[in-house]
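Each structure below is given as structure tokens.
Shared chain: subunit A. Partners: subunit B in the first complex, subunit C in the second.
Up next, the complex of A and B:
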């Protein structure tokens, strides 16, 4: 193929990625809500409820309770950083036009930037609940981001490359060996923390902090944060599927993608079940939990280096 | 006991003792002069009495004094001791007993607010009940103040919170906060996430029920108002009031009515404990427990609707008996429903019992020692979870509790988990009691009319074990077929005072569940909105329409 159509294809893939994530993330959120409802003997909201919620919030008034710039910028930064992550993500093994300009480290950077934007908004809102929520969010980030990094590191070690497509899709499932199996377990146990759901919805903690970092946000700004959270959850639910479940290589990109999205939906089913069967942990309990995961992940990386 | 107490009092106080009398089998009244009041309460505590509450009343018309009663219970002998004194209205100061009995703090502050009686040596003589902008010098419970007085409000008057310990930040919890179910304000002083103290400002929806019942209605109407003190333990208050009046009047009610009261109280306990279990689940962020417990609870509300016409606020208790009889069909209905609840609750309990993540959030949380629980006079499941073996149903039997057998669960792990277990076990015990009631209930009348006029100036005290602990009602009979003074002490009044102690050095994340573990009493009225599921149109219902709908539904239920 000549370079021009490839570039065009790459650009199309960037757009396709964004459309896919933006379109599916609220649906997956709907799945979690429905699963939780069914475990709780409730009928639950319609699967499209999260789209309605976003639309409703977008139509409401933005209340700027502080009048300072960081407060207004934070939701935009968070949302934009997540869009960047999606734009560079090689979905179903296909690199987009932007993937070559990024690597595993910039992926982690961009994800962290989203988290930092949440903190920024929380600190700017000068609300004591937001501050407590932000300090919890910060602690969680410090503990959880290294685990994410080590999951990606596994791919880096196996392929010897930082290129995203290689890191995520480059290792055949047999190639991971037992450290890879340990890492799968770690990523399952860290799943609820990545998606910030029970037992790790500590920063938002409705019953104590009334939404924590987001307490002062309303209307479109809050919609952006909500959308950001949904996109982030979809990314984290998709990541273990992409890394540890081999593509079916049917020859059709669409079929590969459909299977992976189906598997992602199953991960959301799992998220819903886990959320419905756990109380919220306290931050001190969560830290101990993360610390154990961290050590295990580190051992797995060590083992992958040695063997 | 009366003689023993009299001898001890006279030995120490000599001329300060006016009289020690026993008005009925279980009530001893001690009258002392003002100077010996505090010492008299110390002597009473010394014989093993447990402080209940204090009652102030206006005696200005009679002898120009404001009177004060401290009430105590002797749990091992089924007796109550009421220690009375009076202070002239122009020098209304009495020595405080709060330094000896910390849980008397609120009772005394309440009397100061409502009657203008002051307590020398009170460690925290701040406003408690009245609004911050209530004018000085107007004491609502005095007889010269009309019940509908609306004084001029004032701007810029705010409650002064206690000073925060150095290095702490104040987190306001309330007046509106999802973990509280009624308006009340906690200022929680936190260092990082650790709670270093808290101040409480509540009584924001003080409705003046006592004043209303002392001035506007008659004995027979009060039970229905009493029932509305609490949205959950209504029958408890109605029963307690009725028993106090019956005791003052010397009225003996039919045995069948006593059994039906017992039955209603236990149905209410099942309802309340299931409700609490759900709320507790919600407060630790475990909504599945919340939803499942309330699903089980729903059946008891349907049952009560068939039984009394209301899902809650049953209106069953009258002075002199109960309003409706239990027919054999409804008895069968009750048995079927409680059996189903027993099975379904067992499923939830088994799941909760083994859930390590619930243990993580409840074990070792809200810990206070048994001695602290005794010092603060904690009551109900909160006390029983701290190894304090008290239960008014067993210690001061009323209604038909002397004829039924039940266990009183007492645990000694002293934390929130223990209160959960105590409440679940008590629900199973309540089901046992209901079965025994239906089994042993004698035939006969369910109501006896009060024929003679109740003499004025009789004092009576009763306790009824609510799901949250004992409710104390103190009644002084009055002239116009209504109580002259009626004091209600709900269990939360006592338990809430010890919450700052339970919170100390806990994590802020545990605030909701520690607070929730005492099951703070709330009552609420809600607007009704009807949503048409097909069209999605929402419409509100006016009061008249709602009445009509309720009546129509009632007709259907009767058929």
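Up next, the complex of A and C:
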């Protein structure tokens, strides 16, 4: 293929990625809500409820509780950073036009930027609950982010490259060996923390902190944060699928993608089930839990280095 | 030409020394003296930078030069590495001198004479320039080290009515003299070397001695320079105390550039003082040890920084952490330069990261200290428990501090990112060849999340959130333009460093071309340099033919801007109205100092979890 159509294709893929995530993320959120409700013997909201929520919030009054720039900037940065992550993500093995401009380290730091934006907003909002939430959010981030990175690291070790396509899709699943199996288990155990759901929704903790970092946000600002959370959730649910489940290589990109999305939906089912059946951890318990996961993941990396 | 650069060096140093004698005479007129001090530092800085440019644009490493002072010969050497440090010292010295003019007007300092201050400041700068240009461990080194140490000792104890400050300063002096003794001992213990032996001679002799003695001598040198750089556990002994009690511009100098002379020393020790005939395995062991020390330093330093409540102590501990990154990179590079040719490119990446981070850290940490200084100037405190909500009151300082805080956290497209990317990347990409470095890389990455936590807390508790309303001082306002200008300049430098890392690649190429050692011979070849491909958008690192790591801040920032615009559109899309309304506090309509969430409460669980790393603050 000549470079021009390839570039065009790449740009199309960036847009396709964004559309895919923006369109599906609220739906997946709906699945979780429905599953949780069913487990708790409730009817639950319709699957499209998260779309309605976003639309409604976008039209509601935007209340600014502080009048300073960081408060208004935070939701924008959070949402934008997540869009960037999605734009560089090689979904179903296809590198987008932006993938060659960011490596695994950039990806991790971009994800961090979203977290920073949430914290910035929380700190700016002059509310004690927001500060407590921010403190917990940051603590969780310190503990969880390394685990995410170590999952990616498996790919880095096998391919000797930090290029995202190589890291995520460069190794056949069998190539990971048993350290790979350990890492799958670790990523499943860390899943709830990645997506900030029970038992690790410590930062938002509606019952005790009334939404934590987001307490002062309303209207479109809150909608952006909500959307950011949903996108982040979808990214984290999709990542283990992309890393560890082989593409079916049907020859059709759409078919590969559809299978992966189906599997992602299954991950969301799991998230819903876990959320509904687990009570929230205290932050100190969560830290110990993550510490154990961290050590296990580090051992898996160590094993992958040696073998 | 060679004569010229040493002439320039001498001229600059003499100018600084002369001003140290003249300016104190005007110390009664505080602003005039400050202004003169700035002019002298600027002129000397321009001279030094001119020398540095001449060296860096040269074809090869300039010849060394023996300076004769009475009966003593002092070997001098200005090569590419020295030139970079000289330029850095000049920049920070001039900017900080300008800041001093306004800062020393602070109410608290009104009753202190500035005579000593303006005597010590230029001597301090001259001493640092000396350290990075002398080429021995004895005569010249002693002169430069003592100028630097004693002058900085008096600068640290400027506020000498406070016993705690005097004690911190004394401790600093004692430890620095110990470091001096260690390094001087090495210079004299090497067989066949005496006062005024150049590093080259020392290296030659070290190649002949018994490996046991060689190990001891190298260890002593590293210990001495490590003490200055803030290496674990030596840094913890003096650095947080000294940096937090000095006047803020002096803290900026200490953290920004003085501890970098320790890095300079470590670099010289590992790559210049090691003889060519030393077994590569022994060298690799040194690399491993230094990298390990670096990892421990960066982890412990940063985890201690998270716990701090005093803003300047927080910056000081974080300096230890950031120095750890540089030490780790230097150690990794030393290791990678072993027999395996495949790893040499990674050494290039690691050293590039070390150089980048040295320059970046100097600017953003200097900036952070200056911002904290401004906060202290106007509010009278640096206690994070008492600060908060300054964004509305001092917006310019807040934005500038925001840039620095983002840079130190390594957010993409800001200056800490590319350097940390290079350091972490080089460790991770070693992969199966050196498994332990992968673990180091992961720890470094964990630590950068902790750095982020540290600076989120610092920024949140100083500029956003609430608290300063209940401070004892009520007339809080933005500082004067003369104190803002240096910060704005540094912020601009910081942004440029972040957005255009290709400048560093070019600089690094010049440094390699204009220095002379076994390392530069290996890494300075065009084939090797081509593995760090550069374009205006950023840096790409290649192993073999394929690019394996990329840091492209310009693309990143463009992407973020487009996404931000989309987000902005989405926010407006619903046509929602905006309104400002005060926070609803469940009936406690007026928030006050008694019911707020303090800095010492933040990350409580995490602080308990990392209690074993030390640096705990009582009651926090």
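As a working rule, the second predicted complex is superposed on the first by the 307 of 307 C-alpha atoms of A that agree within 3 Å, B and C clash if a C-alpha of one lies under 4 Å from a C-alpha of the other, contacts with A are read in each partner's own complex, and residues count from 1 in each chain.
Note that in this section contacts are C-beta pairs under 8 Å (C-beta built on N, C-alpha and C of every residue); 3 or more make two chains touch, one makes a residue touch a chain.
If you're wondering where the values come from, they're calculated on a predicted model, not measured in any experiment.
S.K.: In the overlay, answer first, second, both or neither for which of subunit B and subunit C A:39 touches.
M.R.: first
S.K.: Which of the two partners, first being subunit B and second being subunit C, lies in contact with A:160: first, second, both, or neither?
M.R.: second
S.K.: Would you sort A:205 into first (subunit B), second (subunit C), both or neither based on which partner it touches?
M.R.: first
S.K.: Using the superposition on chain A described above, determine whether A:283 touches subunit B (first), subunit C (second), both, or neither.
M.R.: both
S.K.: Give one of first, second, both or neither to describe whether A:245 is in contact with subunit B, with subunit C, with both, or with none.
M.R.: neither
S.K.: Looking at the overlay, does A:62 come into contact with subunit B only (first), subunit C only (second), both, or neither?
M.R.: Touch status of A:62: second partner only.
S.K.: Between subunit C and subunit B, which one touches more residues of subunit A when both complexes sit on the common chain A?
M.R.: C
S.K.: Taking the superposition as given, does A:105 touch the first partner, subunit B, the second, subunit C, both, or neither?
M.R.: It touches subunit C, and subunit B stays clear.
S.K.: Indicate the residue numbers of subunit A shared between its subunit B interface and its subunit C interface, in ascending order.
M.R.: 128, 132, 135, 283-284
S.K.: Using the touch definition up top, name the residues of subunit C that touch subunit A in the complex.
M.R.: These residues of subunit C touch subunit A: 389, 391-392, 402, 406, 409-412, 417, 421, 424-425, 428-429, 431-432, 435, 438-439, 442, 445-446, 449-450, 452-453, 456-457, 459-461, 463-466, 537, 543, 546-552, 555-556, 559-560, 563-564, 566-568, 570-583, 585, 591, 595-597, 601-606, 608-609.
S.K.: State the interface residues of subunit B toward subunit A in the complex, per the touch definition above.
M.R.: 169-172, 177-179, 190, 192-193, 281-292, 295, 357-358, 360-361, 507-512
S.K.: Give the list of subunit A residues in touch with subunit C in this complex.
M.R.: 55, 57-71, 75-77, 79-81, 83-84, 87-88, 98, 100-103, 105-106, 108-110, 112-113, 116, 119-120, 122-128, 131-132, 134-136, 138-139, 141-142, 145-146, 149-150, 153, 156-157, 160-163, 216, 219-221, 223-224, 227, 283-284, 287-288, 291, 298, 301-302, 305-306
S.K.: Could you please specify the touching residues of subunit A with respect to subunit B in the complex?
M.R.: That would be residues 36, 39-42, 128-129, 132, 135, 198-199, 201-202, 205-208, 210, 276-285 of subunit A.
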